[in-house]
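All chains are identified by letter, namely A, B, C and D, in their written order; residue positions are counted from 1 within each chain.
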(Lines give C-alpha, C1' and ligand atoms only; values in the text may rest on other atoms or scores of the structure.)
Protein backbone atom coordinates (compact mmCIF):
# COMPACT_ATOMS: atom_id res chain seq x y z
CA UNK A 1 0.00 0.00 0.00
CA UNK A 2 2.14 2.85 -1.26
CA UNK A 3 -0.42 5.57 -1.81
CA UNK A 4 -2.13 6.99 1.24
CA UNK A 5 -5.60 8.45 1.32
CA UNK A 6 -6.56 11.30 3.62
CA UNK A 7 -10.25 11.17 4.45
CA UNK A 8 -11.91 14.51 5.17
CA UNK A 9 -15.58 14.54 6.07
CA UNK A 10 -17.82 17.33 4.80
CA UNK A 11 -21.13 17.63 6.60
CA UNK A 12 -24.08 19.98 6.25
CA UNK A 13 -27.74 20.18 5.32
CA UNK A 14 -29.27 18.30 2.39
CA UNK A 15 -31.07 21.42 1.20
CA UNK A 16 -29.15 24.68 1.35
CA UNK A 17 -29.23 28.13 -0.28
CA UNK A 18 -26.83 28.82 -3.20
CA UNK A 19 -24.24 30.72 -1.13
CA UNK A 20 -23.84 27.79 1.25
CA UNK A 21 -23.62 25.36 -1.65
CA UNK A 22 -20.91 27.53 -3.20
CA UNK A 23 -18.90 27.36 0.02
CA UNK A 24 -19.30 23.58 0.20
CA UNK A 25 -18.24 23.22 -3.42
CA UNK A 26 -15.10 25.22 -2.73
CA UNK A 27 -14.41 23.08 0.34
CA UNK A 28 -14.66 19.94 -1.80
CA UNK A 29 -12.45 21.43 -4.51
CA UNK A 30 -9.78 22.46 -2.01
CA UNK A 31 -9.79 19.03 -0.36
CA UNK A 32 -9.19 17.39 -3.73
CA UNK A 33 -6.48 19.90 -4.68
CA UNK A 34 -4.60 18.88 -1.55
CA UNK A 35 -4.96 15.22 -2.42
CA UNK A 36 -7.69 14.45 0.09
CA UNK A 37 -10.75 12.27 -0.34
CA UNK A 38 -14.18 13.69 0.48
CA UNK A 39 -16.32 11.60 2.84
CA UNK A 40 -19.96 12.62 3.17
CA UNK A 41 -23.50 11.37 3.60
CA UNK A 42 -23.93 11.02 -0.15
CA UNK A 43 -27.12 13.03 -0.58
CA UNK A 44 -27.89 16.62 -1.75
CA UNK A 45 -27.15 20.14 -0.53
CA UNK A 46 -23.76 20.52 1.11
CA UNK A 47 -22.94 16.89 0.34
CA UNK A 48 -23.64 17.19 -3.38
CA UNK A 49 -21.81 20.50 -3.66
CA UNK A 50 -18.72 19.16 -1.90
CA UNK A 51 -18.69 16.11 -4.17
CA UNK A 52 -19.09 18.34 -7.22
CA UNK A 53 -16.13 20.47 -6.22
CA UNK A 54 -13.96 17.47 -5.44
CA UNK A 55 -14.85 15.71 -8.68
CA UNK A 56 -14.14 18.86 -10.73
CA UNK A 57 -10.67 18.91 -9.21
CA UNK A 58 -10.12 15.23 -9.97
CA UNK A 59 -10.64 13.98 -6.44
CA UNK A 60 -12.28 10.89 -5.05
CA UNK A 61 -15.62 11.05 -3.19
CA UNK A 62 -17.25 8.61 -0.80
CA UNK A 63 -20.96 8.85 -0.01
CA UNK A 64 -22.15 6.90 3.02
CA UNK A 65 -25.84 6.58 2.25
CA UNK A 66 -28.68 6.09 4.75
CA UNK A 67 -31.01 4.11 2.51
CA UNK A 68 -31.11 0.76 0.74
CA UNK A 69 -30.05 1.85 -2.73
CA UNK A 70 -27.10 3.47 -4.45
CA UNK A 71 -29.59 5.28 -6.68
CA UNK A 72 -30.06 7.92 -3.96
CA UNK A 73 -26.44 9.07 -4.21
CA UNK A 74 -25.76 12.47 -5.71
CA UNK A 75 -24.19 12.23 -9.19
CA UNK A 76 -20.68 13.09 -7.99
CA UNK A 77 -20.40 10.30 -5.43
CA UNK A 78 -17.78 7.96 -6.88
CA UNK A 79 -17.92 5.35 -4.12
CA UNK A 80 -21.42 4.87 -2.71
CA UNK A 81 -21.54 2.96 0.57
CA UNK A 82 -25.10 1.67 0.95
CA UNK A 83 -25.69 1.21 4.65
CA UNK A 84 -29.44 0.74 4.94
CA UNK A 85 -29.32 1.96 8.55
CA UNK A 86 -30.95 5.37 8.15
CA UNK A 87 -29.62 8.31 10.15
CA UNK A 88 -27.58 5.94 12.28
CA UNK A 89 -25.17 6.14 9.36
CA UNK A 90 -24.14 9.55 10.67
CA UNK A 91 -21.83 7.71 13.05
CA UNK A 92 -20.13 6.02 10.10
CA UNK A 93 -19.68 9.31 8.23
CA UNK A 94 -17.91 10.68 11.28
CA UNK A 95 -15.80 7.64 12.17
CA UNK A 96 -14.63 7.18 8.58
CA UNK A 97 -13.25 10.75 8.52
CA UNK A 98 -9.90 11.82 9.94
CA UNK A 99 -11.16 15.38 10.32
CA UNK A 100 -14.53 16.97 9.62
CA UNK A 101 -15.65 20.25 8.11
CA UNK A 102 -19.16 21.38 9.03
CA UNK A 103 -20.68 23.85 6.60
CA UNK A 104 -23.74 25.64 7.95
CA UNK A 105 -25.88 22.85 9.28
CA UNK A 106 -29.12 21.05 9.94
CA UNK A 107 -29.94 19.02 13.05
CA UNK A 108 -28.40 16.02 11.30
CA UNK A 109 -25.18 18.00 11.06
CA UNK A 110 -25.38 18.65 14.78
CA UNK A 111 -25.57 14.91 15.48
CA UNK A 112 -22.42 14.46 13.43
CA UNK A 113 -20.57 17.29 15.15
CA UNK A 114 -21.44 15.79 18.52
CA UNK A 115 -20.42 12.27 17.45
CA UNK A 116 -17.09 13.66 16.22
CA UNK A 117 -16.39 15.56 19.44
CA UNK A 118 -17.28 12.43 21.40
CA UNK A 119 -14.84 10.36 19.33
CA UNK A 120 -12.06 12.93 19.44
CA UNK A 121 -12.21 13.52 15.70
CA UNK A 122 -11.33 17.17 14.90
CA UNK A 123 -14.21 19.38 13.73
CA UNK A 124 -13.76 22.60 11.76
CA UNK A 125 -16.83 24.82 11.54
CA UNK A 126 -17.67 27.16 8.68
CA UNK A 127 -20.71 29.11 9.82
CA UNK A 128 -22.02 26.10 11.71
CA UNK A 129 -23.58 25.35 15.11
CA UNK A 130 -22.29 26.75 18.36
CA UNK A 131 -22.96 24.70 21.45
CA UNK A 132 -22.72 25.61 25.10
CA UNK A 133 -23.24 23.88 28.42
CA UNK A 134 -23.73 25.66 31.74
CA UNK A 135 -23.59 28.94 29.83
CA UNK A 136 -20.01 28.23 28.84
CA UNK A 137 -19.33 28.05 25.11
CA UNK A 138 -17.79 24.79 24.04
CA UNK A 139 -14.73 25.78 22.06
CA UNK A 140 -14.01 22.28 20.84
CA UNK A 141 -15.14 23.26 17.33
CA UNK A 142 -12.36 24.96 15.38
CA UNK A 143 -13.73 27.99 13.55
CA UNK A 144 -12.85 29.03 10.02
CA UNK A 145 -13.97 31.99 7.94
CA UNK A 146 -13.34 30.72 4.42
CA UNK A 147 -13.42 27.34 2.67
CA UNK A 148 -9.64 27.50 2.16
CA UNK A 149 -9.03 28.20 5.83
CA UNK A 150 -11.40 25.39 6.81
CA UNK A 151 -9.63 22.86 4.62
CA UNK A 152 -6.20 24.01 5.73
CA UNK A 153 -7.20 23.63 9.37
CA UNK A 154 -8.77 20.24 8.75
CA UNK A 155 -5.63 18.84 7.13
CA UNK A 156 -3.47 20.27 9.91
CA UNK A 157 -5.65 18.54 12.51
CA UNK A 158 -5.52 15.06 10.95
CA UNK A 159 -3.63 12.81 13.30
CA UNK A 160 -0.91 10.62 11.85
CA UNK A 161 -2.28 7.08 12.00
CA UNK B 1 -54.51 -3.85 24.28
CA UNK B 2 -56.24 -1.98 27.07
CA UNK B 3 -53.34 -0.53 29.02
CA UNK B 4 -51.28 2.16 27.30
CA UNK B 5 -47.64 2.89 27.94
CA UNK B 6 -46.19 6.38 27.74
CA UNK B 7 -42.52 6.25 26.83
CA UNK B 8 -40.38 9.10 28.17
CA UNK B 9 -36.71 9.16 27.28
CA UNK B 10 -34.19 10.30 29.86
CA UNK B 11 -30.78 11.16 28.45
CA UNK B 12 -27.54 12.39 30.00
CA UNK B 13 -23.94 11.47 30.68
CA UNK B 14 -22.84 8.04 31.85
CA UNK B 15 -20.67 9.57 34.59
CA UNK B 16 -22.11 12.51 36.50
CA UNK B 17 -21.65 14.26 39.85
CA UNK B 18 -24.06 13.42 42.70
CA UNK B 19 -26.26 16.51 42.28
CA UNK B 20 -26.94 15.66 38.65
CA UNK B 21 -27.63 12.03 39.56
CA UNK B 22 -30.09 13.21 42.20
CA UNK B 23 -31.94 15.26 39.61
CA UNK B 24 -32.06 12.32 37.20
CA UNK B 25 -33.33 10.03 39.94
CA UNK B 26 -36.13 12.47 40.72
CA UNK B 27 -36.97 12.69 37.01
CA UNK B 28 -37.26 8.89 36.86
CA UNK B 29 -39.36 8.77 40.02
CA UNK B 30 -41.74 11.44 38.74
CA UNK B 31 -42.13 9.70 35.37
CA UNK B 32 -43.10 6.48 37.15
CA UNK B 33 -45.49 8.30 39.51
CA UNK B 34 -47.34 9.59 36.47
CA UNK B 35 -47.52 6.12 34.98
CA UNK B 36 -44.82 6.62 32.39
CA UNK B 37 -42.10 4.21 31.31
CA UNK B 38 -38.48 5.35 31.33
CA UNK B 39 -36.54 4.80 28.10
CA UNK B 40 -32.78 5.29 28.27
CA UNK B 41 -29.43 4.07 27.02
CA UNK B 42 -29.23 1.52 29.80
CA UNK B 43 -25.82 2.40 31.23
CA UNK B 44 -24.62 4.45 34.24
CA UNK B 45 -24.79 8.06 35.41
CA UNK B 46 -28.03 9.82 34.45
CA UNK B 47 -29.38 6.58 32.96
CA UNK B 48 -28.80 4.53 36.11
CA UNK B 49 -30.18 7.24 38.37
CA UNK B 50 -33.34 7.66 36.30
CA UNK B 51 -33.90 3.89 36.31
CA UNK B 52 -33.34 3.79 40.06
CA UNK B 53 -35.93 6.50 40.65
CA UNK B 54 -38.45 4.88 38.36
CA UNK B 55 -37.95 1.43 39.87
CA UNK B 56 -38.32 2.81 43.40
CA UNK B 57 -41.68 4.23 42.37
CA UNK B 58 -42.76 0.93 40.83
CA UNK B 59 -42.26 1.96 37.24
CA UNK B 60 -40.99 0.11 34.19
CA UNK B 61 -37.59 0.87 32.66
CA UNK B 62 -36.20 0.13 29.21
CA UNK B 63 -32.46 0.28 28.55
CA UNK B 64 -31.41 0.38 24.91
CA UNK B 65 -27.83 -0.85 25.17
CA UNK B 66 -24.99 -0.15 22.75
CA UNK B 67 -23.06 -3.38 23.25
CA UNK B 68 -23.51 -7.09 22.68
CA UNK B 69 -24.57 -8.14 26.16
CA UNK B 70 -27.34 -7.48 28.66
CA UNK B 71 -24.73 -7.70 31.40
CA UNK B 72 -23.78 -4.07 30.75
CA UNK B 73 -27.21 -2.80 31.81
CA UNK B 74 -27.47 -0.90 35.07
CA UNK B 75 -29.23 -2.94 37.79
CA UNK B 76 -32.54 -1.06 37.48
CA UNK B 77 -33.07 -1.72 33.78
CA UNK B 78 -36.05 -4.07 33.68
CA UNK B 79 -36.14 -4.51 29.90
CA UNK B 80 -32.68 -4.55 28.35
CA UNK B 81 -32.66 -4.13 24.56
CA UNK B 82 -29.32 -5.42 23.33
CA UNK B 83 -28.63 -3.66 20.05
CA UNK B 84 -24.96 -4.39 19.37
CA UNK B 85 -24.74 -1.25 17.21
CA UNK B 86 -22.67 0.99 19.48
CA UNK B 87 -23.49 4.67 19.67
CA UNK B 88 -25.74 4.35 16.64
CA UNK B 89 -28.22 3.10 19.24
CA UNK B 90 -28.72 6.74 20.25
CA UNK B 91 -31.15 7.00 17.35
CA UNK B 92 -33.19 4.15 18.80
CA UNK B 93 -33.28 5.71 22.27
CA UNK B 94 -34.71 8.85 20.71
CA UNK B 95 -37.17 7.26 18.28
CA UNK B 96 -38.55 4.94 20.95
CA UNK B 97 -39.43 7.91 23.17
CA UNK B 98 -42.53 10.08 22.84
CA UNK B 99 -40.76 12.95 24.58
CA UNK B 100 -37.25 13.33 25.93
CA UNK B 101 -35.77 14.88 29.04
CA UNK B 102 -32.09 15.84 28.81
CA UNK B 103 -30.36 16.15 32.17
CA UNK B 104 -27.03 17.93 32.00
CA UNK B 105 -25.22 16.20 29.18
CA UNK B 106 -22.23 14.74 27.43
CA UNK B 107 -21.57 14.86 23.69
CA UNK B 108 -23.59 11.66 23.37
CA UNK B 109 -26.52 13.52 24.90
CA UNK B 110 -26.04 16.22 22.29
CA UNK B 111 -26.34 13.63 19.49
CA UNK B 112 -29.62 12.50 21.03
CA UNK B 113 -30.98 16.03 21.41
CA UNK B 114 -30.17 16.71 17.76
CA UNK B 115 -31.71 13.42 16.58
CA UNK B 116 -34.87 14.27 18.54
CA UNK B 117 -35.15 17.78 17.12
CA UNK B 118 -34.61 16.33 13.65
CA UNK B 119 -37.41 13.82 14.20
CA UNK B 120 -39.81 16.30 15.77
CA UNK B 121 -39.75 14.53 19.11
CA UNK B 122 -40.15 17.06 21.96
CA UNK B 123 -37.06 17.72 24.08
CA UNK B 124 -37.15 19.18 27.59
CA UNK B 125 -33.82 20.39 28.94
CA UNK B 126 -32.78 20.42 32.59
CA UNK B 127 -29.44 22.22 32.70
CA UNK B 128 -28.49 20.78 29.33
CA UNK B 129 -26.91 21.97 26.09
CA UNK B 130 -27.83 25.20 24.37
CA UNK B 131 -27.32 25.32 20.62
CA UNK B 132 -27.25 28.24 18.24
CA UNK B 133 -26.82 28.76 14.52
CA UNK B 134 -25.93 32.05 12.86
CA UNK B 135 -25.71 33.56 16.34
CA UNK B 136 -29.40 32.90 16.89
CA UNK B 137 -30.26 30.65 19.82
CA UNK B 138 -32.28 27.63 18.82
CA UNK B 139 -35.26 27.67 21.15
CA UNK B 140 -36.52 24.27 20.10
CA UNK B 141 -35.42 22.80 23.42
CA UNK B 142 -38.04 23.39 26.14
CA UNK B 143 -36.35 24.53 29.35
CA UNK B 144 -37.25 23.36 32.84
CA UNK B 145 -35.82 24.33 36.22
CA UNK B 146 -36.80 21.32 38.32
CA UNK B 147 -37.25 17.58 37.72
CA UNK B 148 -40.99 17.94 38.38
CA UNK B 149 -41.33 20.75 35.87
CA UNK B 150 -39.32 18.77 33.32
CA UNK B 151 -41.52 15.71 33.66
CA UNK B 152 -44.71 17.76 33.60
CA UNK B 153 -43.61 19.47 30.39
CA UNK B 154 -42.53 16.20 28.82
CA UNK B 155 -45.92 14.57 29.44
CA UNK B 156 -47.73 17.65 28.15
CA UNK B 157 -45.70 17.52 24.93
CA UNK B 158 -46.37 13.86 24.13
CA UNK B 159 -48.45 13.73 21.00
CA UNK B 160 -51.51 11.50 20.98
CA UNK B 161 -50.62 8.59 18.70
CA UNK C 1 -35.61 -5.85 40.87
CA UNK C 2 -37.57 -8.77 42.25
CA UNK C 3 -39.48 -9.94 39.18
CA UNK C 4 -37.45 -11.45 36.37
CA UNK C 5 -38.34 -11.38 32.71
CA UNK C 6 -37.45 -14.20 30.36
CA UNK C 7 -37.06 -12.92 26.82
CA UNK C 8 -37.89 -15.40 24.06
CA UNK C 9 -37.47 -14.28 20.46
CA UNK C 10 -39.98 -15.42 17.86
CA UNK C 11 -38.83 -14.98 14.28
CA UNK C 12 -40.41 -15.73 10.92
CA UNK C 13 -41.74 -14.19 7.74
CA UNK C 14 -43.86 -11.04 7.68
CA UNK C 15 -46.37 -12.66 5.33
CA UNK C 16 -47.28 -16.26 6.00
CA UNK C 17 -50.12 -18.69 5.22
CA UNK C 18 -52.78 -19.30 7.91
CA UNK C 19 -51.35 -22.59 9.17
CA UNK C 20 -47.98 -20.99 9.87
CA UNK C 21 -49.66 -18.04 11.58
CA UNK C 22 -51.62 -20.48 13.75
CA UNK C 23 -48.37 -22.14 14.84
CA UNK C 24 -46.79 -18.78 15.64
CA UNK C 25 -49.84 -17.72 17.62
CA UNK C 26 -49.64 -20.91 19.67
CA UNK C 27 -45.92 -20.30 20.22
CA UNK C 28 -46.68 -16.81 21.55
CA UNK C 29 -49.48 -18.09 23.76
CA UNK C 30 -47.30 -20.82 25.24
CA UNK C 31 -44.46 -18.37 25.93
CA UNK C 32 -46.84 -16.11 27.84
CA UNK C 33 -48.37 -19.03 29.74
CA UNK C 34 -44.90 -19.88 31.02
CA UNK C 35 -44.31 -16.29 32.09
CA UNK C 36 -42.03 -15.36 29.21
CA UNK C 37 -41.93 -12.14 27.21
CA UNK C 38 -42.11 -12.31 23.41
CA UNK C 39 -39.38 -10.43 21.54
CA UNK C 40 -39.87 -10.00 17.81
CA UNK C 41 -39.40 -7.68 14.86
CA UNK C 42 -42.73 -6.01 15.50
CA UNK C 43 -44.27 -6.37 12.05
CA UNK C 44 -46.82 -8.79 10.51
CA UNK C 45 -47.00 -12.51 9.75
CA UNK C 46 -45.27 -14.70 12.31
CA UNK C 47 -44.46 -11.62 14.43
CA UNK C 48 -48.07 -10.42 14.61
CA UNK C 49 -49.40 -13.89 15.30
CA UNK C 50 -46.92 -14.52 18.11
CA UNK C 51 -47.81 -11.16 19.68
CA UNK C 52 -51.50 -11.96 19.34
CA UNK C 53 -51.08 -15.28 21.12
CA UNK C 54 -48.97 -13.77 23.88
CA UNK C 55 -51.35 -10.87 24.43
CA UNK C 56 -54.35 -13.21 24.57
CA UNK C 57 -52.60 -15.09 27.36
CA UNK C 58 -51.82 -11.88 29.24
CA UNK C 59 -48.16 -11.73 28.27
CA UNK C 60 -45.86 -8.86 27.40
CA UNK C 61 -44.61 -8.30 23.86
CA UNK C 62 -41.65 -6.31 22.55
CA UNK C 63 -41.44 -5.34 18.89
CA UNK C 64 -38.04 -4.17 17.66
CA UNK C 65 -39.05 -2.21 14.58
CA UNK C 66 -36.89 -1.48 11.52
CA UNK C 67 -38.42 1.87 10.58
CA UNK C 68 -38.75 5.35 12.00
CA UNK C 69 -42.23 5.11 13.48
CA UNK C 70 -44.10 3.11 16.09
CA UNK C 71 -47.12 3.22 13.80
CA UNK C 72 -45.70 0.27 11.85
CA UNK C 73 -45.98 -2.05 14.84
CA UNK C 74 -48.59 -4.78 14.76
CA UNK C 75 -51.51 -4.07 17.13
CA UNK C 76 -50.35 -6.56 19.77
CA UNK C 77 -46.90 -5.07 20.27
CA UNK C 78 -47.01 -3.61 23.78
CA UNK C 79 -43.49 -2.18 23.80
CA UNK C 80 -42.42 -0.86 20.41
CA UNK C 81 -38.69 -0.21 20.09
CA UNK C 82 -38.25 2.17 17.16
CA UNK C 83 -34.73 1.60 15.84
CA UNK C 84 -34.71 3.39 12.48
CA UNK C 85 -31.88 1.13 11.31
CA UNK C 86 -33.74 -1.06 8.83
CA UNK C 87 -32.91 -4.74 8.61
CA UNK C 88 -29.81 -4.17 10.70
CA UNK C 89 -32.29 -4.36 13.56
CA UNK C 90 -32.31 -8.13 13.09
CA UNK C 91 -29.15 -8.18 15.20
CA UNK C 92 -31.00 -6.45 18.03
CA UNK C 93 -33.94 -8.87 17.87
CA UNK C 94 -31.48 -11.72 18.28
CA UNK C 95 -29.26 -10.20 20.95
CA UNK C 96 -32.23 -9.11 23.07
CA UNK C 97 -33.51 -12.70 23.21
CA UNK C 98 -32.26 -15.38 25.57
CA UNK C 99 -33.45 -18.09 23.18
CA UNK C 100 -35.08 -17.93 19.77
CA UNK C 101 -37.85 -19.85 18.07
CA UNK C 102 -37.84 -19.75 14.27
CA UNK C 103 -41.21 -20.52 12.70
CA UNK C 104 -41.02 -21.30 9.00
CA UNK C 105 -38.94 -18.48 7.60
CA UNK C 106 -38.01 -15.89 5.04
CA UNK C 107 -34.47 -14.82 4.17
CA UNK C 108 -34.72 -12.25 6.98
CA UNK C 109 -35.36 -15.14 9.35
CA UNK C 110 -32.23 -16.83 8.02
CA UNK C 111 -30.15 -13.74 8.87
CA UNK C 112 -31.51 -13.91 12.41
CA UNK C 113 -30.82 -17.64 12.77
CA UNK C 114 -27.25 -17.06 11.62
CA UNK C 115 -26.75 -14.08 13.94
CA UNK C 116 -28.04 -16.17 16.84
CA UNK C 117 -25.76 -19.12 16.08
CA UNK C 118 -22.84 -16.70 15.79
CA UNK C 119 -23.66 -15.20 19.19
CA UNK C 120 -24.25 -18.55 20.89
CA UNK C 121 -27.93 -17.80 21.49
CA UNK C 122 -29.96 -21.03 21.32
CA UNK C 123 -32.23 -21.45 18.28
CA UNK C 124 -35.22 -23.78 18.15
CA UNK C 125 -36.64 -24.44 14.69
CA UNK C 126 -40.25 -25.23 13.88
CA UNK C 127 -40.31 -26.08 10.19
CA UNK C 128 -37.55 -23.58 9.48
CA UNK C 129 -34.34 -23.42 7.45
CA UNK C 130 -31.76 -26.17 7.39
CA UNK C 131 -28.21 -25.12 6.66
CA UNK C 132 -25.19 -27.16 5.67
CA UNK C 133 -21.55 -26.53 4.92
CA UNK C 134 -19.25 -28.92 3.08
CA UNK C 135 -22.26 -31.22 2.64
CA UNK C 136 -22.49 -31.66 6.39
CA UNK C 137 -25.75 -30.57 7.99
CA UNK C 138 -25.29 -28.01 10.71
CA UNK C 139 -27.14 -29.45 13.67
CA UNK C 140 -26.84 -26.31 15.78
CA UNK C 141 -30.55 -25.60 15.28
CA UNK C 142 -32.66 -27.53 17.77
CA UNK C 143 -35.68 -29.04 16.00
CA UNK C 144 -39.21 -29.13 17.36
CA UNK C 145 -42.38 -30.60 15.89
CA UNK C 146 -45.03 -28.63 17.76
CA UNK C 147 -45.34 -25.12 19.22
CA UNK C 148 -45.45 -26.57 22.73
CA UNK C 149 -42.28 -28.58 22.16
CA UNK C 150 -40.57 -25.53 20.64
CA UNK C 151 -41.38 -23.32 23.61
CA UNK C 152 -40.44 -26.01 26.11
CA UNK C 153 -37.06 -26.46 24.41
CA UNK C 154 -36.48 -22.72 24.21
CA UNK C 155 -37.07 -22.22 27.94
CA UNK C 156 -34.84 -25.17 28.77
CA UNK C 157 -32.03 -23.67 26.69
CA UNK C 158 -32.09 -20.22 28.30
CA UNK C 159 -28.87 -19.76 30.17
CA UNK C 160 -29.03 -18.46 33.72
CA UNK C 161 -27.72 -14.90 33.56
CA UNK D 1 -18.18 10.90 -13.77
CA UNK D 2 -16.56 9.09 -16.66
CA UNK D 3 -14.98 6.09 -14.95
CA UNK D 4 -17.30 3.51 -13.49
CA UNK D 5 -16.57 1.26 -10.55
CA UNK D 6 -17.94 -2.26 -10.30
CA UNK D 7 -18.32 -3.28 -6.67
CA UNK D 8 -17.96 -7.00 -5.97
CA UNK D 9 -18.38 -8.19 -2.40
CA UNK D 10 -16.19 -11.00 -1.10
CA UNK D 11 -17.42 -12.61 2.09
CA UNK D 12 -16.13 -15.42 4.27
CA UNK D 13 -14.74 -16.25 7.68
CA UNK D 14 -12.20 -14.08 9.50
CA UNK D 15 -10.05 -17.13 10.31
CA UNK D 16 -9.63 -19.72 7.59
CA UNK D 17 -7.19 -22.49 6.63
CA UNK D 18 -4.52 -21.74 4.00
CA UNK D 19 -6.34 -23.42 1.09
CA UNK D 20 -9.41 -21.26 1.63
CA UNK D 21 -7.26 -18.14 1.94
CA UNK D 22 -5.57 -19.05 -1.34
CA UNK D 23 -8.94 -19.27 -3.05
CA UNK D 24 -10.02 -15.91 -1.63
CA UNK D 25 -6.77 -14.32 -2.74
CA UNK D 26 -7.30 -15.59 -6.27
CA UNK D 27 -10.88 -14.27 -6.18
CA UNK D 28 -9.58 -10.83 -5.20
CA UNK D 29 -6.88 -10.92 -7.86
CA UNK D 30 -9.35 -11.89 -10.58
CA UNK D 31 -11.80 -9.16 -9.55
CA UNK D 32 -9.03 -6.56 -9.84
CA UNK D 33 -7.85 -7.95 -13.18
CA UNK D 34 -11.33 -7.39 -14.55
CA UNK D 35 -11.36 -3.84 -13.23
CA UNK D 36 -13.63 -4.49 -10.27
CA UNK D 37 -13.38 -3.11 -6.75
CA UNK D 38 -13.40 -5.52 -3.81
CA UNK D 39 -15.92 -4.76 -1.06
CA UNK D 40 -15.54 -6.71 2.17
CA UNK D 41 -15.82 -6.56 5.94
CA UNK D 42 -12.26 -5.31 6.25
CA UNK D 43 -10.94 -7.86 8.73
CA UNK D 44 -8.83 -11.05 8.42
CA UNK D 45 -9.20 -14.47 6.83
CA UNK D 46 -11.11 -14.44 3.54
CA UNK D 47 -11.37 -10.63 3.71
CA UNK D 48 -7.63 -10.09 4.11
CA UNK D 49 -6.77 -12.61 1.43
CA UNK D 50 -9.17 -11.08 -1.09
CA UNK D 51 -7.76 -7.62 -0.40
CA UNK D 52 -4.23 -8.96 -0.77
CA UNK D 53 -5.01 -10.48 -4.15
CA UNK D 54 -6.78 -7.36 -5.37
CA UNK D 55 -4.00 -5.06 -4.21
CA UNK D 56 -1.35 -7.24 -5.86
CA UNK D 57 -3.21 -6.84 -9.12
CA UNK D 58 -3.46 -3.07 -8.67
CA UNK D 59 -7.11 -3.00 -7.65
CA UNK D 60 -9.02 -0.93 -5.15
CA UNK D 61 -10.35 -2.43 -1.90
CA UNK D 62 -13.06 -1.21 0.47
CA UNK D 63 -13.29 -2.58 4.00
CA UNK D 64 -16.54 -1.92 5.84
CA UNK D 65 -15.43 -2.33 9.42
CA UNK D 66 -17.60 -3.27 12.43
CA UNK D 67 -15.66 -1.38 15.09
CA UNK D 68 -14.79 2.18 16.00
CA UNK D 69 -11.32 2.38 14.51
CA UNK D 70 -9.63 2.08 11.14
CA UNK D 71 -6.72 0.39 12.92
CA UNK D 72 -8.62 -2.91 12.79
CA UNK D 73 -8.53 -3.01 8.99
CA UNK D 74 -6.32 -5.59 7.32
CA UNK D 75 -3.23 -4.02 5.70
CA UNK D 76 -4.61 -4.27 2.15
CA UNK D 77 -7.80 -2.31 2.77
CA UNK D 78 -7.32 0.91 0.83
CA UNK D 79 -10.61 2.54 1.84
CA UNK D 80 -11.63 1.73 5.39
CA UNK D 81 -15.25 2.57 6.22
CA UNK D 82 -15.50 2.78 9.99
CA UNK D 83 -19.09 2.03 10.89
CA UNK D 84 -19.03 1.47 14.64
CA UNK D 85 -22.21 -0.65 14.36
CA UNK D 86 -20.76 -4.10 14.97
CA UNK D 87 -22.11 -7.04 13.01
CA UNK D 88 -25.00 -4.92 11.80
CA UNK D 89 -22.43 -3.71 9.28
CA UNK D 90 -22.97 -6.98 7.42
CA UNK D 91 -26.01 -5.33 5.84
CA UNK D 92 -23.80 -2.53 4.52
CA UNK D 93 -21.24 -4.96 3.07
CA UNK D 94 -24.05 -6.62 1.16
CA UNK D 95 -25.92 -3.51 0.01
CA UNK D 96 -22.74 -1.81 -1.17
CA UNK D 97 -21.97 -4.76 -3.47
CA UNK D 98 -23.46 -5.31 -6.91
CA UNK D 99 -22.77 -9.04 -6.66
CA UNK D 100 -21.30 -11.17 -3.91
CA UNK D 101 -18.89 -14.08 -3.81
CA UNK D 102 -19.06 -16.26 -0.69
CA UNK D 103 -15.91 -18.27 -0.04
CA UNK D 104 -16.39 -21.06 2.48
CA UNK D 105 -18.11 -19.37 5.37
CA UNK D 106 -18.79 -18.71 9.01
CA UNK D 107 -22.18 -17.87 10.51
CA UNK D 108 -21.45 -14.21 9.76
CA UNK D 109 -21.11 -15.17 6.12
CA UNK D 110 -24.49 -16.86 6.33
CA UNK D 111 -26.08 -13.62 7.58
CA UNK D 112 -24.60 -11.85 4.56
CA UNK D 113 -25.79 -14.50 2.09
CA UNK D 114 -29.28 -14.23 3.53
CA UNK D 115 -29.27 -10.42 3.46
CA UNK D 116 -28.15 -10.54 -0.17
CA UNK D 117 -30.84 -13.01 -1.21
CA UNK D 118 -33.41 -10.86 0.61
CA UNK D 119 -32.23 -7.77 -1.28
CA UNK D 120 -32.04 -9.48 -4.65
CA UNK D 121 -28.28 -9.05 -4.87
CA UNK D 122 -26.71 -11.99 -6.75
CA UNK D 123 -24.68 -14.45 -4.66
CA UNK D 124 -22.04 -16.78 -6.09
CA UNK D 125 -20.89 -19.55 -3.76
CA UNK D 126 -17.46 -21.16 -3.74
CA UNK D 127 -17.69 -24.04 -1.29
CA UNK D 128 -20.10 -22.10 0.89
CA UNK D 129 -23.34 -22.73 2.77
CA UNK D 130 -26.28 -24.59 1.33
CA UNK D 131 -29.68 -23.69 2.68
CA UNK D 132 -33.00 -25.47 2.40
CA UNK D 133 -36.55 -24.89 3.55
CA UNK D 134 -39.24 -27.57 3.71
CA UNK D 135 -36.60 -30.05 2.58
CA UNK D 136 -36.28 -28.23 -0.72
CA UNK D 137 -32.82 -26.87 -1.51
CA UNK D 138 -32.80 -23.17 -2.15
CA UNK D 139 -31.04 -22.82 -5.48
CA UNK D 140 -30.80 -19.03 -5.28
CA UNK D 141 -27.06 -19.27 -4.63
CA UNK D 142 -25.11 -19.63 -7.89
CA UNK D 143 -22.43 -22.30 -7.50
CA UNK D 144 -18.88 -22.05 -8.82
CA UNK D 145 -16.01 -24.51 -8.67
CA UNK D 146 -13.03 -22.20 -9.11
CA UNK D 147 -12.17 -18.61 -8.19
CA UNK D 148 -12.11 -17.69 -11.88
CA UNK D 149 -15.55 -19.17 -12.46
CA UNK D 150 -16.89 -17.42 -9.37
CA UNK D 151 -15.64 -14.02 -10.48
CA UNK D 152 -16.83 -14.54 -14.03
CA UNK D 153 -20.31 -15.43 -12.78
CA UNK D 154 -20.37 -12.50 -10.36
CA UNK D 155 -19.55 -9.98 -13.09
CA UNK D 156 -22.13 -11.53 -15.41
CA UNK D 157 -24.79 -11.19 -12.71
CA UNK D 158 -24.18 -7.49 -11.95
CA UNK D 159 -27.23 -5.58 -13.04
CA UNK D 160 -26.73 -2.47 -15.15
CA UNK D 161 -27.55 0.42 -12.84
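Rule of thumb we're sticking to: contacts are C-beta pairs under 8 Å (C-beta built on N, C-alpha and C of every residue); 3 or more make two chains touch, one makes a residue touch a chain.
Since the structure is predicted, the reported quantities are computational estimates derived from the model, not experimental observations.
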Larger contact count among A-D and B-D belongs to A-D
By CA centroid distance, what chain is farthest from subunit D? B
Would you mind pulling out the distance in Å between where the CA atoms of subunit A average out and where those of subunit D do? 28
Go ahead and note the Å separation of the Cα centroids belonging to subunit B and subunit D. 40
Show the residues in subunit D shared as contacts by 2 or more other chains, in ascending order. 68, 84-88, 91
Show me the residue ranges of subunit D that touch subunit B in the complex, using the header's touch definition. 68, 84-88
Within the complex, subunit B is touched by subunit A residues 85-91, 104-108, 110-111, 113-115, 117-118, 127-135
In the complex, subunit B touches subunit C at residues 1, 5, 37, 55, 62, 64, 68-71, 75-76, 78-85, 88, 91-92, 95-96, 119, 161
